[in-house]
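As structure tokens, the structure follows; a few thoughts come after it.
Just so it is clear, A, B, C and D label the chains in written order, and each chain counts residues from 1 on its own.
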Amino acid sequence: MVDLKVEIAPGLVLKNPVMTASGTFGYGREYAPYFDISRLGAIITKGLSRQPKIGNSGVRITETACGMLNAIGLENIGVERFLSDELPILQKMNATVIVNVFGNNQDDYANLAAKLDGVAGIAALEINISCPNVKAGGIQFGIDPQAAAKLVAAVRKKTSLPLITKLSPNVSDIVVIAKAVEEAGSDCISLINTLIGMAIDLERKCPILGNVTGGLSGPAIKPVALRMVYQVAQAVSIPIIGIGGIANARDALEFLLAGATAIEVGTANFINPQTSIEIVEGIEQYLDAQGYSKVTDFIASLELN
Amino acid sequence: MVDLKVEIAPGLVLKNPVMTASGTFGYGREYAPYFDISRLGAIITKGLSRQPKIGNSGVRITETACGMLNAIGLENIGVERFLSDELPILQKMNATVIVNVFGNNQDDYANLAAKLDGVAGIAALEINISCPNVKAGGIQFGIDPQAAAKLVAAVRKKTSLPLITKLSPNVSDIVVIAKAVEEAGSDCISLINTLIGMAIDLERKCPILGNVTGGLSGPAIKPVALRMVYQVAQAVSIPIIGIGGIANARDALEFLLAGATAIEVGTANFINPQTSIEIVEGIEQYLDAQGYSKVTDFIASLELN
Amino acid sequence: MYLFNSEIVNKEKLTQNIFRLRIKAANDFCRVATPGKFVMLGSDDSLFDPLLRRPFGICRWGTDWFEVIIKIVGKGSSQLSKLEKGASVAVHGPLGNGYPINKPENEQNTLILVAGGMGIASIASYLFAAFDRKQPLIGTFLLYGAANYSELILLNELTDADAFGLQLQTITDDGSCGRQGLVTQLLSHELQNNPQSQVFACGPEPMLKSVQKVLQKNECDGFLSLENRMACGFGVCLGCVQSMINEDDETSVKTAKVCTQGPVFPAQQVIF
Amino acid sequence: MYLFNSEIVNKEKLTQNIFRLRIKAANDFCRVATPGKFVMLGSDDSLFDPLLRRPFGICRWGTDWFEVIIKIVGKGSSQLSKLEKGASVAVHGPLGNGYPINKPENEQNTLILVAGGMGIASIASYLFAAFDRKQPLIGTFLLYGAANYSELILLNELTDADAFGLQLQTITDDGSCGRQGLVTQLLSHELQNNPQSQVFACGPEPMLKSVQKVLQKNECDGFLSLENRMACGFGVCLGCVQSMINEDDETSVKTAKVCTQGPVFPAQQVIF
């Protein structure tokens, strides 16, 4: 049996490299009827803000070719209610929990980091500096390396939790941003968040989404995600979590080859709630069949022709 | 019958808004067996350089979810042979010809512009400042607004032809680049070129493309293209040509609604060589049925809810 | 809810672009189905266009099968329409909360079912469940509107139901069957005759909006079954939310997930 | 070449994962088909996964039909495998340049056909064309290699051909049919017996490479049919190019489009 353990931050060893992407796994317990969520490497919660947010109005999702656009607008129950109502349930389920947070400004992030620091049952913090769907959803931090570094440094000061910074793909040079957040003290980088896209209703001659634009996710974006993971893996020495269009074990394995230490499953959770656990099993079977004794031997083993 | 004429640059009126994207229509005559190519708004040739280029070796194309990656490497016969061998044929066919060019540096672009200036049978110049597949394929100009502006200004000096600048989507802020090239004297902006992506062969544990990364095109990228066209349309006053995943008349109409004065059909030409002419017919039928007397009334008529 | 790959055991064309699929299901699935619940259906997991599964009401069910009625409107429904008897289909359900099926408090109260267009699939699930339980439908009205005669489906099956006491009225936009007009006109009329009625309605949003107005005007309660766009169907994407009146704090609005908290909601709570 | 939507008139399973489709075609299509040419096939233009059409050799044709033999290896081929008799299919072809079908200059020369795996579909097109023209195949060898017995297809149909004079030899990787080994071993042997032969070969790239070596060693001419990845199939994407020896200038390399200049090339020109 292949050893699937991976270390995604100093001291943070996951039982396997499969996590669930923020915003696609609710607060975790919604998946409990479908499988034992403690079997995942980790679950990453819907992005939390200091205060609850009601999100965008109008149509929030629409399907595109091999992808979907969402403009949820970071609707969430807020950090307080998460800690009181949701986290205890996840602890009871023995799930490894990574909390995703976002804010309107540096203060918000620092405050959230401080609030979550030392809370039992939280394995790590993923800061979303890349949500395209709200004006103040952190996107300004995601495209400017200086701003990103400053934010990461501020959060770093407030937390002893392993810190994952989630990057936006909507940039000219992902490597520059990745290096900046590594430098600033991020323990790990996750990428990619959604590409910014738009869909139009020809009949009604208006944008389909209430928010006009939205985040593109799903298999359509996998090639972009894979490229960015590969580029960043060449440039940084902290672990990388690959995200973007992963729908099955083969996709996940491709991201590992490209240099990701772990992966997050997003949109595919909507199609089949068991996708993430099937990916755990698929990776295990594949590596076993290939004779690997540990997944870490497989990671970043891509060969150039 | 709806009037399909559009003006994409001062004095350059096309018979309809449908063109074919560079690199997906050969030098034009390859499509002559399938329909009368003079019926298109214009055909845009494979990107030309001063000298012929042999392109990349290894696998050059691979399919992805609702898209494809290409790493052709700008293989082309060079401007001289185009002028001697291809252009006369296109003239005989009465095709409206727009020539796409690229270079390694500003000199190359200026030189190409000078050479093509005043040549009979060329309706406009499209400069590709955005090809991701060769190190010196212009990509540096495509992501830096200053460099883009300087290049456009230099080309502008060398040609009296209508000048279209083709932008890369691999940027943090497409609007800044668009404004820079407008300012620098471009008559028109075409967007988008391909997104940079990658595909991996799990069995062989290596990148599928010989060039490791390639350009992502096809329906998968349509939401990104539509968003960028919409954003740029809000910001510039020169005409915009929409490109990206257009596969049928409905797609084309969506780009027109978003603010494109014309569109280019790319990857879809590979699937069905008659796609572009079917789109001309489809646009005409749709607008006729909707009671439009001219397509320009439809362009940019998107309403926000 | 259950997650399984199943088989199409029957396929029936109802109109040019509406068809019915009977799909195999285990006992457990059928035991938890109730009128108004739905399933997410997908056809082939190895291709990604269409990507997401699509929601359809569970229209009828037996011990080891259930039926959906699907109108072809886009790529998901048209792909499902290509599946023939014997083909496999991916099923997730039963999902959501259906119509309240406890008897109306007052036995004398009438129940008015209002269906617009494909809303009939959801509304019919209530009727078929009653038929299958041999529950009499005395005092039950079905007000059914559609664009034209050919869009009115299930008429034969629902007319058979006369025996059970169901009173059916149809109305069409073009008058090709029943009265000419909108189904809410029928509703206004019936509510005047039967002011104490319970109302269940399903149909396009503009119709539900106007049903809500009629109910308000008549100070009558009712339930609306919504059909918002869904990505997941089980409460995790937040794509399907609908604004609702916040009962705890009437000055503010809250959102409800149509998939898990609905699709059936008390009419007075929904903010369109 | 022609571009049309057509109908599958027959479907036949040859092995677990190889099937044959007979597709309706107009006279004109069949008149310009020659052995070694190919078609681009697609199944449904309204869905984009798979996106591109896929190339398959035209294996046989009559007055108003042609056949392809398809091995399921990925999403395109597996989607085509789901089409049943009566389904529609999008066709573009005949494309490319096939095998030279003029008689070998010297009538006495033997013709050696070398097929590896699915390369048989292309090679068989030569044989079927000969059968259908009732052209005798005296002095024609078919050397056919595959992984194992069950991967050897068309054996019956090709054995019938014995009557025409065809000499068939099979070889498998595991020895489950014919000799054990690689088809190029058979080729080496035959070329020693018949040094003046003409050779046509189709199969996976490693096989063609080694065919090329054997031909070189025996100073023998031949033609290789390549199966590079294709996006368009008609010369506009430049995706399928293969490096070739530049005859005009032997110090430099040129590229050829496999789709329009091939797929069949003189063996000595190809640079693998």
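As a working rule, contacts are C-beta pairs under 8 Å (C-beta built on N, C-alpha and C of every residue); 3 or more make two chains touch, one makes a residue touch a chain.
This structure is a prediction, so every number in the text was calculated from the model and none was measured.
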Message = Starting at chain C, how many touching-chain steps does it take at least to reach chain D?
response = 1
Remark   = By Cα centroid distance, the chain farthest from chain D is C
Remark   = Comparing B-C with A-C, the busier interface by C-beta pairs is A-C
Request  = Could you give the separation in Å between the centres of chain B and chain D, each centre being the mean of its C-alpha atoms?
outcome  = 36
Key: Gap in Å, rounded to a whole number, between the CA centres of chain D and chain A   = 47
Note = Among chain B residues, those touching two or more other chains are 65-67, 218-220
Ask   = So which stretches of chain C touch two or more other chains?
value = 48-50
Query = Viewed as a graph of touching chains, is the assembly arranged as a line, ring, star, complete set, or other?
reply = complete
Message = Taking the touch rule as given, give the residues of chain C at its contact with chain B in the complex, in rising order.
response = 48-49
Message = Considering only the defined contacts, which chain A positions touch chain C in the complex?
response = 23-26, 30-31, 33-34, 46, 54-55, 57, 59-63, 65-68, 70, 72, 75, 218-220, 247, 267, 269-274
Ask   = Which residues of chain C touch chain D in the complex?
value = 46-50, 75, 78-79
Chain B - residues contacting chain C, complex = 65-66, 219
Query = Where on chain B does chain A make contact in their complex?
reply = 58, 64-67, 69, 143, 170-173, 195-200, 202, 204-207, 210, 212-213, 216, 218-224, 226-227, 230, 245, 250, 253-254, 257-258, 301-305
